[in-house]
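Both of the next two complexes hold chain A, though its partner changes from chain B to chain C.
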Partner chain A sequence: MGRWWPRGLRPRLLAGFALVTVLGSLAATWAITESAGEALVASNQRRISETVSGQIGAVTHEVSHPPDQAALDRVRDSVGPDTLVVFEDLRSVDGARADLITDELREAVREGDRVVTQRVVDVDRPWLLVGAPVMITDPDGERAPSGIEVYTVRDLSAVQEEVDALVRAAAAAGAAVLVLAALLALVTARGVLRPVRELRDTARRLAAGDLDARTEPQGVDELAELTVTINEMAESVQGSMATMERMRADARRFAADVSHELRTPLSTLTAVTEVLAASTEDMAQDARESAGMAITETRRLVRMVEDLMEVSRFDAGSVRLREEEVDMVSAVRDTLRARNRLDRVELHAPQEVPVRVDRRRLDVIVANLVGNALRHGEPPVRVGVFADRTHVNLVVTDNGPGLAEHVVPHVFDRFFKADSARTRTPGSGLGLAIALENARLHDGDLTAGNGDDGGARFVLRLPRAPGQTAPGRERGIQE
Partner chain B sequence: MTEILLIEDDPLLQRGLQLALSRHGHEVRTADTGEEGLRRFRARTPGIVVLDLMLPGMDGFQVCRRIRAEGEVPVIMLTARGDDFDVIGGLEAGADDYVVKPAQPTVLDARIRAVLRRTVDVPNEVRVHRDLRIDTVSLTVTVGEAPVTLTPTEMRLLLTLSRSPGRVYGRQRLLEEVWEHDYLGDSRLVDNCVQRLRAKIEDDPAVPVYVQTVRGFGYRFGPV
Partner chain C sequence: MRTGLSSPSVWALVFLVAVAGCGVGPSGVFDAGEAPTGVAPGTTLYFVDDNDELRPQFRRTERLGTVSDAVSLLLTGPGDSEVRTEIAPTSVTSVEVTTHPETIELRVPLDIDDVTPVGIDQIVCTARTSHVQNGGSERTRIRIRFVQFTPESEIRRTCPLYE
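This part shows the complex of A and B:
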């Protein structure tokens, strides 16, 4: 579609209506004025011709044959001032506009025996030229041209003015119709466009996720059909969404139920493997190894079930923050000390960074990040704490090969294993996912990437007081 | 040797915990239901009760409240979920501590021992603060003329706080000293125990005189 064509539905409708109206009224006006004008002119012409013939007929019997100058002048006087009467070489006195008479007309009169008319325009005025041969009746009764020709000129301005007035009236009527048509187009456009606009609004709400949005179909036209179709579509989308949501909820509940049911047998296993562990000295080598494996795997199972339950709690939205005033630096140090990691990790931190956090959740995040770096990266593993006025950043880096590009977007996915060959890592595969959920619970964020020297780099960013961080200029110690 | 009453409905877990706790030097009696547990508790008072919260019939919360109403025997609850509902409900019912399943018997044993310890390292003396009289030798407490019976945990909390009146103790510090928890102890244990202690020794627990809250930090004894 060309650029000159308006893009909106409403201007297009209006333009279409206007175009049709203008063309229609132009055609009508042209046709009316043309035929009416022609008829007017023709009837005038006929009247004038008849008058002239009558006047000529009235003086014919008084004219002797062949006529002399005086006779020609007499004929001229009786027909009118703008008249010329000719007989062979004799000419009557010239009338005022006798100069308009054309040779063409004279030719026609000379050759025929009837009245001939011609319309000419001189100095913007229309004129009617009438030429008539004077007929005489022979002694034997035959009518024949006498050789006298009468030419007269009549002004047609009055007729022309009548025609002009007609055109003006038609044009005015056309303009009025155009205005009326535009109004009509507006009303029609509104009538057509309102349901379209309602439909558009409904579609937008649907797209934005409001699946309850519907439009009441009006009438029985194509738009109403479209409305019904869209409503049906929304209905079916809503249905599938509800089914999917139900299935997801079922899956979540199933995971929660399963891990809950696993707790009691796992508790028993945990209790008895500890008894086993205390009595391995009396066992044979193979039995001792088996007991050892039972103990290790029981611990792993416990960890996985606990992580699974934690994820289920996040999915169910049943987790709550229990915030306390905590010194971030001592909290990190406590976490490292409790897991015997202090001597394997370089801690770079200021004296003290007071924050409001859930200690247990912070512990889970830090333990996961550090454990991950120690397991998958190379030493030295560095932990840095950097604070500004509103936030505290905890940066964990290692000296390993870093994260592959295709891995970065998925490190926080559940059960994601960067190296598919090494499926048997000691973790549950949920650690980083849980760490991210915990960070978000604090209104914070956890991001993964690679450091300048190539090792993996995880950054935990927490507001120093969740829920009440005012955006403002940050100052203080920066990275 | 402590006599433990273990109330747990799953027979295998009950037996497993009995085996493991016996190895730690305890004598373990068992009950399958809350009702049976209460019967056994009344028949012979144990040193401590280890109580599963999810029991058929009378649940763990009710059992805990009954036991608390009948004496000062410490209660440790076993919670399957470890979520706030269980923990808060159990602590309000009067439990001294809780362990989340699957619990390692070593951890459970450490908690049992901590909860049973009535004393802290304090000089032998009789301290008097207004109407409150604390005898650190006989471990008796009286308010005015009336003797007050405290659970071992309440006693240790009071002894710890009153050791240096006016000094502020953070919740984590109290958890480590009184409950012997690691650095991630649940500070709700402290708050709950403080409430129970206040109910026993304060004239008006809503306006405490002896155990005062220091907002944002923790608790202190006095100044009276």
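This part shows the complex of A and C:
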């Protein structure tokens, strides 16, 4: 549609109603003025020509034949001003408007034996020209022209005014109807728009996640049908969502339960392996190797279960932030020192970057990122800390082959393995996922990519003051 | 779309043209009814000839005159001519004429005894012819009212020459 056509339903209805009304009143006005105006003009013309005929007929019996000038003057006087009476070479004329008489009319009078009329417009006023031949009737009733011709000019502006008044009245009525039509259009638009608006609000609430949103259908029209359909759709979506939510909750609970149940036997197992570890010196070479493998795998199992439980806590939304003022640089250095990584990692950092974080969770993030880099990349592993006005960035890069393009979107997935052949890695497969959850818990973000020199590059970005949200707030899916 | 009837001004123009077109404009020449009549060089009177038949006699009076003029002239007699009148001479010749939709009523200064039936026809034909020449209808009937009461006064007559 062109730009002149209004887009809203209300203006469109208004425009439509107005258009129909204007067309209707135009048609009515045209029809009325055309027929009534014509009738008015015709009846006036008939009246005028009959009057003129009568005025002439009233004096003809006194007119001598052949007439002299005085006789013509007498006829002219009887008809009134602006009159011309002609007989052969004699003329009797009065009034300047007699000039309006056309040759066409005189021709018609000379050649015919009936009264003729013609309308002309002079100086914006309509005039009626009446031409009448005076007849001689013989005793048999036969008529023949006497040679006397009478022409007169009559003003039609009174008729014009009547027609104008008619048009004005019709136009006024049309305008009044236009106002009525506009009101009617507004009322109709209201009736249509109100349910549409309600439906729109409901759809918005549904889109915003309020699956309880419904609209009460009113009436039995198409809009009511649409409302019912939308309600049914919302009902079905709500049902599916609830089922899905229940299934996810079940799965999460199962994982949590499993890891929880594993913990007790695992602690026993750990205690046993500790004892085993203490007594390996007395064993034979091959037995010692087996014991060492058991001890390593047990520790890995313990770490995996701990990570699983951490993930379950995130899923359950029962994770709490304990924020405190921390110097980012020294916190990172502490983490590296605690894991004996200071000698294998280059730390590039300014003197001090104060930031408000949960110290333990920052430690988990840094340890996971650095551990990941050391495990999968090549040295040297670099850790850089930069601060801008609003955020603190921690960048971990290594010198390895970098991340393959298809890997990048999945590095934070749980149990994701970039190389499916390498099934046995020391990590739990949950480290990066937990790091990302922790970063998000701080309103921050963790992204993976490749550096300019080709190595993998992980960037942790934390707001300097996440305190807009209260510490200890809960996060996760609402249940 | 932009080239269509796009703005209110166009609609206003259409409205104006439609309204202005309904005025009283010039026209061609139209017929407007029967022409007036009544001009004649004289009047026609009816007398009786030797065969006792009605005979029209043209009197050059320069103008046609009214029905009353014609009947009054008839009452003055034929003068010196080969026709005669069947109406008794009277010194009073004034005739009062009343025109009704389908009848002309003549009040003549005569009694029924002053006229023969042919004399009545003379009056009827003269009045009828004058009426027709003045533009009246040929079907108009004539009622002659005499001075004294007589049933003849009630009769609506026609001229036997033009039946």
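As a convention for this text, the second predicted complex is superposed on the first by the 316 of 479 C-alpha atoms of A that agree within 3 Å, B and C clash if a C-alpha of one lies under 4 Å from a C-alpha of the other, contacts with A are read in each partner's own complex, and residues count from 1 in each chain.
As a working rule, a contact is a pair of C-beta atoms (placed from the backbone, for glycine too) under 8 Å apart; a residue touches a chain by one contact, two chains touch by 3 or more.
Because the structure is predicted, anything quoted here is derived from the model rather than measured.
*Asks:* With both complexes superposed on chain A, which partner does A:334 reach: first (chain B), second (chain C), both or neither?
*Replies:* First partner only.
*Asks:* Could you say whether A:274 touches chain B, chain C, both of them, or neither, answering first, second, both or neither?
*Replies:* Once the two structures are laid over each other on A, A:274 reaches chain B alone.
*Asks:* Given the touch rule stated above, what does A:115 touch, chain B (first), chain C (second), both, or neither?
*Replies:* Once the two structures are laid over each other on A, A:115 reaches chain C alone.
*Asks:* In the overlaid three-chain picture, which partner chain does A:45 touch, first (chain B) or second (chain C), both, or neither?
*Replies:* second
*Asks:* Which partner does A:359 contact after superposing on A: first (chain B), second (chain C), both, neither?
*Replies:* first
*Asks:* Pick one for A:430: touches chain B only (first), chain C only (second), both, or neither.
*Replies:* It touches nothing on chain B or chain C.
*Asks:* Between chain B and chain C, pick out the one touching the greater number of residues of chain A.
*Replies:* C
*Asks:* Considering each complex separately, which residues of chain A are in contact with chain B in the first and with chain C in the second?
*Replies:* none
*Asks:* Which part of chain C faces chain A closely enough to touch in the complex?
*Replies:* Within the complex, chain C contacts chain A at residues 1-2, 4, 6-7, 11, 14-15, 18-19, 21-41, 44, 56, 62-66, 69, 129, 132-135, 138, 162.
*Asks:* Mind listing the chain A positions that touch chain B in their complex?
*Replies:* Touching chain B: residues 260, 263-272, 274-275, 278, 302, 305, 309, 313, 318, 320, 322, 324-325, 334, 337-338, 359-360, 363 of chain A.
*Asks:* Okay, in this complex, where on chain A does chain C touch?
*Replies:* Touch list, chain A to chain C: 1-5, 22, 26, 29-30, 33-34, 37, 41, 45-46, 49-50, 53-54, 56-57, 60-67, 104-105, 108, 112-121, 126, 130, 132-141, 143, 146, 148, 150, 156, 159-160, 163-164, 167, 171.
*Asks:* Given the complex with chain A, which residues does chain B contribute to the contact?
*Replies:* 10, 12-13, 15-17, 19-20, 23, 80-81, 83-84, 101-106, 171, 182-184, 187, 216
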